[in-house]
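Common to both upcoming complexes is chain A, partnered first by chain B, then by chain C.
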Partner chain A sequence: MNFKKIFPQLLTLVVVILVFGFFSYNAQVNMENRGITFGYGFLSQESSFDVQFSLIEYDGSHSYFRAYLVGLLNTILVSVIGIVFATIIGVVVGIARLSSNYLIERTAAIYVEFFRNIPLLLQIFFWYFAALRALPLPEKAEPMFGVFFLTIKGFFIPAFIWNNLDIFIYSVIAAIIAIFFVRAYAKKKQENQGAQTPVLLISIGLLIILPLLSFLLGGVDASIEIPVIEQLSKTSFTYKGGLKLPPELISLALALSLYTATFIAECVRAGVQGVSKGQKEAAASIGLTPNQVLKLVVMPQALRIIIPPTTNQYLNLTKNSSLAAAIAYPDLVLVFAGTALMQTGRAIEIVSITMLTYLTLSITISIFMNWYNKKIAIKEK
Partner chain B sequence: MNKLNFLSPDKNNLYAYLYSGISLFSLSILIVFLNSFFSLDLTSFLPGSISYFLPLIIGFIGLHLIRIEYSGIKFLDIVNKNINTNKFNALLSLLIIFAVIKSLPPLLSWFIIDANFAGDSKDACSGSGACWAYIKTWFNRFMYGMYPNAEQWRINLSFIALAFLGGVGFFATEKFKKYLTLYYVVVYPVIAFLFIFFFISGGPIFFDFSYGIIAAVISIIIGFFIPSKFKMYYFLIIPITIYILLKYVFFYEELIELGKIQAFEWVETGAWGGLSLTFIVSFFCLIFCFPVGLFLSLGRRSDLPIIKYISIGFIEFWRGVPLITVLFMSSVMFPMFLPEDMFIDKLVRVIIAISLFEAAYVAEVIRGGLQALPRGQYDAAKSLGMGYWKMHIFVILPQALKLVIPGIANTFLALVKDTPLIFVVGLLEIVGMLNLAKTNPEWLGFAMEGYVFASIVFFIICYAMSKYSYNLEQKYKTER
Partner chain C sequence: MFKLVKRLTSVVAMFAVLFTFTTETMAAKKSKTLKNTQKKGFVRCGVSQGLPGFSNADAAGNWTGVDVDVCRAVAAAVLGDSSKVKFTPLSAKERFTALTSNEIDILSRNTTWTLSRDADIGLTFVGVNFYDGQGFMVRKNSGISSVNDFKAGVSACTNLGTTTELNMRDFFNSKGIKYEPVTFEKADEVVAAYDAGRCDTYTTDKSGLAAQRIKLSNPDDHMVLPETISKEPLGPVVRQGDSVWEDIVRWSLNTMIEAEEYGVTSANADMMKTSDNPAVKRLVGAEGELGAALGLDNEWSLRIIKQVGNYGESYKRNIADTGILPDRGPNELWTKGGILYVPPAR
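For the complex of A and B:
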């Protein structure tokens, strides 16, 4: 141990401790002056504010912690919707970018260049304040396929009314577990005997048959509830029954998925282009069909390049969903760091909880990603 | 063999296929064109859905007929190769062509034909198209925010001067090229700060930092006479000493009196806004986040455990939280961490917050470049007897930074696109001004025009940046 190594470390440590000490000392003095005590006890107090849209039962008589949960669930909801659509659009556009058809390639390129060079916040505002405001009023809305109603007050869709929903969910879970076993078996069989098993067909079959069995044997029952127009007052109409997707959710999910899809498309393109030409030629020369080349040689290697940056994009999407606060979609930031903070005035506690939530989310995902990366990385001798 | 087989066109009857194919294809485009531009329905005599899909079917057959490989006609081969390789591609090409033709008339009429350009009130916009008069009326606000009209020349002057000084690098002769880095990293930011502080903000001539400038100038002049062995220690200690001496011992009274002289009207940062604020925020964040990110990335790869783990913690913290919560923190939580009498301007807080946030991303990008360098580079530099800093400044960083130009450009683009978020703390740049204008009772209902305008502005800025970074990447590309 020499001086040259210890001195810079000590200096950094002292600076960091001084800065933190300065901040926490001031925080203590400031809170004493304002008569606030630091603590998380307020979480169990009655919140006494309402939230427009919530997945779990919630009103003003519930606690602040419940409000936190409502916000968190709403954040997760919009992130999941965004991720699903962003992946679909992104993969399609990414493949279109590789098309030999000039028109398709150009269209995809224009889409990517356009949507990724405009700030996400602007896109959210555009969908919310400009595009969705041009929709018809509930009483004037034309039904799509007779059951969907896209109106200025939101998107009304039919809802399923379930009996014994849990059995149905169990059957789906069972099907997914069964698919894992089938895949493991097929892999083993291929390694031992070289024979291929039609895994995809069997998986689809399992996914259909098991839930179907739950309908026939498990007493699962679903009926569809179609939204019906209802008059609230002389000029105000709404739809009753079914599910209502509020315009905030629609515009947020739309903007998030269209914006993130451009980045996913670039990841997909880079991934497929990253597989060297020799690999494809080698695969073709040992007699694999084009489909087999894609499935057995190109995709496994391309996925190795595609998945890490794409997960990063999923993470970005989840973090970007906090822009919801700008259009009053009740996500974690709006409900908790907005309304709850205004009411309690506990800036330090609430902002730290909010940040910790996002931090936990992203660190969990990045730990998982590091593990996954290590697992799929090419094992060099 | 002159039999025509329309299912599989071949080269034998090339012209027969060609003429029939092209005429069918043109017919289908004509039908769609007349329908969309002149709302003329040529196929109205047919039943509904057939009439609707007829152009598609005709065009599809037409493209099928001209799909002849190696026809010998150059143009036909290019068309076939690019849009007509197989049935599926032909169908997609047709759909795209039709979609473009269909969407042109409404877009054209909204943007230009039915749009209102003249006038300065809502009544001028009676047409069904866009109301560009709205943008024209509010243009000043979208550019300068609430900045007083009479003082806006100060913003213009500063920006023109800064753009000119920023462009110096392009005209520098070979002799001065080696000082450019110093100029852009140290001198230019200071000049920019002085411009923003004196002209745009209108700060008093002698402000606290003027002691700092005097101290710096004096110590640099003395620095020339110090032997190089002690230079580092000298520059660590002397400027601060001179600063303290100046401020508290020598000129205390006189400089305070001078400090109260103000050349221009003070415009507080709350009144700044519009596109100029977008530029100011992104400019300073760009300048600050790069060096911070550079040091963080070096810290993360350091052998010294304390520095390494502090860097990792710092980087992962900022990367894990959304920017909006960081801005929340800077606006509601940060004042709690400062002494009661200390106040930091909103804009400064925002710039610090965004800079630290983006610095974490820059650090990760640069780390990628550092990792991509082969170990041999480090070993070679060490074997020449270079120390840590010499090795990094002269060998490692020039190569690593070259590798990460695209990544850094992407981070900078993200930064520019993140600036609208400062609405959280109540600063209104162009998107914020749009939302303000939208709620003005005299100009209700023009949200679309505003957002289209801002989208075009941002698109131009970001697209230019990405193209410029691409050029840089090509310019500095070296074969490895």
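For the complex of A and C:
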């Protein structure tokens, strides 16, 4: 027990408590003076406003909490779509920047410089207002493959109508678990006997065969519903049936992934270039094919450099998705910190919940990426 | 864990409050807002981000409109000069926070008076300066001539966080129509999306529809449907808790309306001092001590009429002559078939 060590920490703690105490007291007094009450009871009240696009069943007769969930799920949806596409585009462009082909390398470089140097909000406006205007009205849309309709009112695609969907999902989960076992077995076999197993082929096979069995034996049945044009008035049309992706979602996901992909591409390029040339030459000299050099020598080392900055980009993308409010995509900020805030007037409560939600989302992504980073880090033996 | 979340939330909340509100002791007996306004030398007024006829800035940054005139009237009454107003353009989302957090002292921004807004969130509505109602705009060639022609699947563009959003739901629900609400934060974006064909209809207050129609690429291709689906009494708002300031804003507005009722205009206000009608004399401050009750001098109302004009002049200048809504409809005096009726100034 060293008093000298403990005293400063105790002092800091007291100061922190006093500061927060002062803030809380001050806030309470001020809110009382202005006749503003504080509480989260409003969350269970009827929201009485509708939202255009929701992943769960929702309308104005549900509670504000349900509206919060709608916004949260929409934020997660656009973030996940954005992250997936940003990663794919980013990796492709990043590798293209290392290409020895002049044309490919230049094209990738121009793309990166162009998209990362224009403010994201402008890009979102561009994809929404400029690109949207270029899309045809529903009645003039040319069908893609006869069943997809890209129109100004949204992207209408066929939907599956399922019977016994749960059994199908179980079969997919079973296939995924089986793949994990196959992989573990293949690794052991390789370590013990040095023999390679065609893991990829077996995995694909499992993913096809098990769900197929559920169709044949499990009574699973799916039919496809194709969107059909419907007339609303003399000159106004829409599509009925099928699935509808609102244009707001499409343009937001597009803008987010094209913008973030440029940063990921640079991370990938830096990562690959960070692996010393000697490693590649050594790998080639022991007879590995170029593919194996990339897969077994370069990528495992490059990933260690790529992952941490890419995590930042994923976090940025998730937070940037809040710009959705500008183009009417019903994300957390628009539905909850926008409409719900306006209808209830509970600014402090709603802003605090929204802040905590984004914090939680970001920390979750961070924890996952740190876990992955640790997993691929060099294991000193 | 839940407790921790709760505690964290309140900590964050308190932070937000700290940054929003300035420190302040219990409300002073006299009007703090009035004192501050006189000290600053200008009235802090929250307006829209541009709604022709109500509050709109020209290229030189001069604000005009009937909502703007309410703030000018208060400036004329309190400071003696109707030009001493600092305008803050606010979105629908920002407006109430700006008022409760002391950024502005009057919110005059085509805001609908409702019970929950008046009672729940620290605001007080002082009156109505425009009686409005929600309507729908459609394309003329769509063949829709009444709200009964809407069919399931219709997409409606509107502003976020307004009573419009709630009325729209009530309306479509009562008709049993499934609709797609597309809500934007800024009015300009609503107009752009509707113009592009994203939505079949654009819904907001009818005055707003009339004003925004001018911004469409071909205004003549669009029309406002005859039906009105809601009551939207629009009026200025002040913070709760300063009843003197509340009275000043209320009676500045009332003065404009009463001046029209008694035929007092900016041109003849001075001559009316010698009128035979005691009500008129009171209105221009030639009789009685009405200003003292508000903590002002006795010429306050005369200045409003001289510098801003009566309600009729304001309406004509901002809404009728600009072609937005030439017909005054319910916003006509009660003596002429409208519903403008204010308590007497005495």
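Here are some notes:
Quick note on the criterion: the second predicted complex is superposed on the first by the 351 of 381 C-alpha atoms of A that agree within 3 Å, B and C clash if a C-alpha of one lies under 4 Å from a C-alpha of the other, contacts with A are read in each partner's own complex, and residues count from 1 in each chain.
The rule is simple: a contact is a pair of C-beta atoms (placed from the backbone, for glycine too) under 8 Å apart; a residue touches a chain by one contact, two chains touch by 3 or more.
Just so we're clear, the structure is a prediction, and the values are computed from it rather than from any experiment.
Of the two partner chains, chain B is the only one that A:L120 touches; chain C does not reach it.
In the superposition on chain A, contact of A:Q9 is made with chain B only, not with chain C.
Of the two partner chains, chain B and chain C are each touched by A:M355. When the two complexes are overlaid on their common chain A, residue A:N30 makes contact with chain B and with chain C alike. In the superposition on chain A, A:N74 makes contact with neither chain B nor chain C. Look at A:I104: by the touch rule set out above, it reaches chain B but stays clear of chain C. By the document's definition of touching, both partners, chain B and chain C, reach A:A326.
Counting contacts as defined above, chain A residues 23-24, 26-27, 30-31, 33, 129, 133, 325-326, 341, 347-348, 351-352, 355 meet chain B in one complex and chain C in the other. Within the complex, the chain C residues that touch chain A are 5, 8-18, 20-21, 23-24, 26-27, 92-93, 96-97, 100, 116-117, 120-122, 138-139, 141-144, 149-151, 153-155, 157, 160-162, 165-166, 168-170, 173, 179-186, 189, 192-193, 196-198, 200, 239-241.
For chain B in complex with chain A, the residues that touch the partner chain are 81-83, 85, 89, 92-93, 96-97, 303-307, 310, 316-317, 319-325, 328-329, 332-333, 336-340, 413, 416-421, 423-424, 431, 434-435, 438, 447-448, 451, 454-455, 458-459, 462-463, 466.
By the touch criterion stated above, chain A contacts chain C in their complex at residues 20, 23-24, 26-27, 30-31, 33-38, 48-52, 60, 129, 132-133, 137, 152-153, 230, 232-236, 238, 240, 247-248, 325-328, 330, 334, 338-339, 341-349, 351-353, 355-356.
The part of chain A that touches chain B in the complex is made up of residues 5, 8-9, 12-13, 16, 22-24, 26-27, 29-31, 33, 99-104, 107, 113-114, 117-122, 125-126, 129-131, 133-134, 319-320, 322-323, 325-326, 333, 337, 341, 347-348, 351-352, 354-355, 358-359, 361-363, 366.
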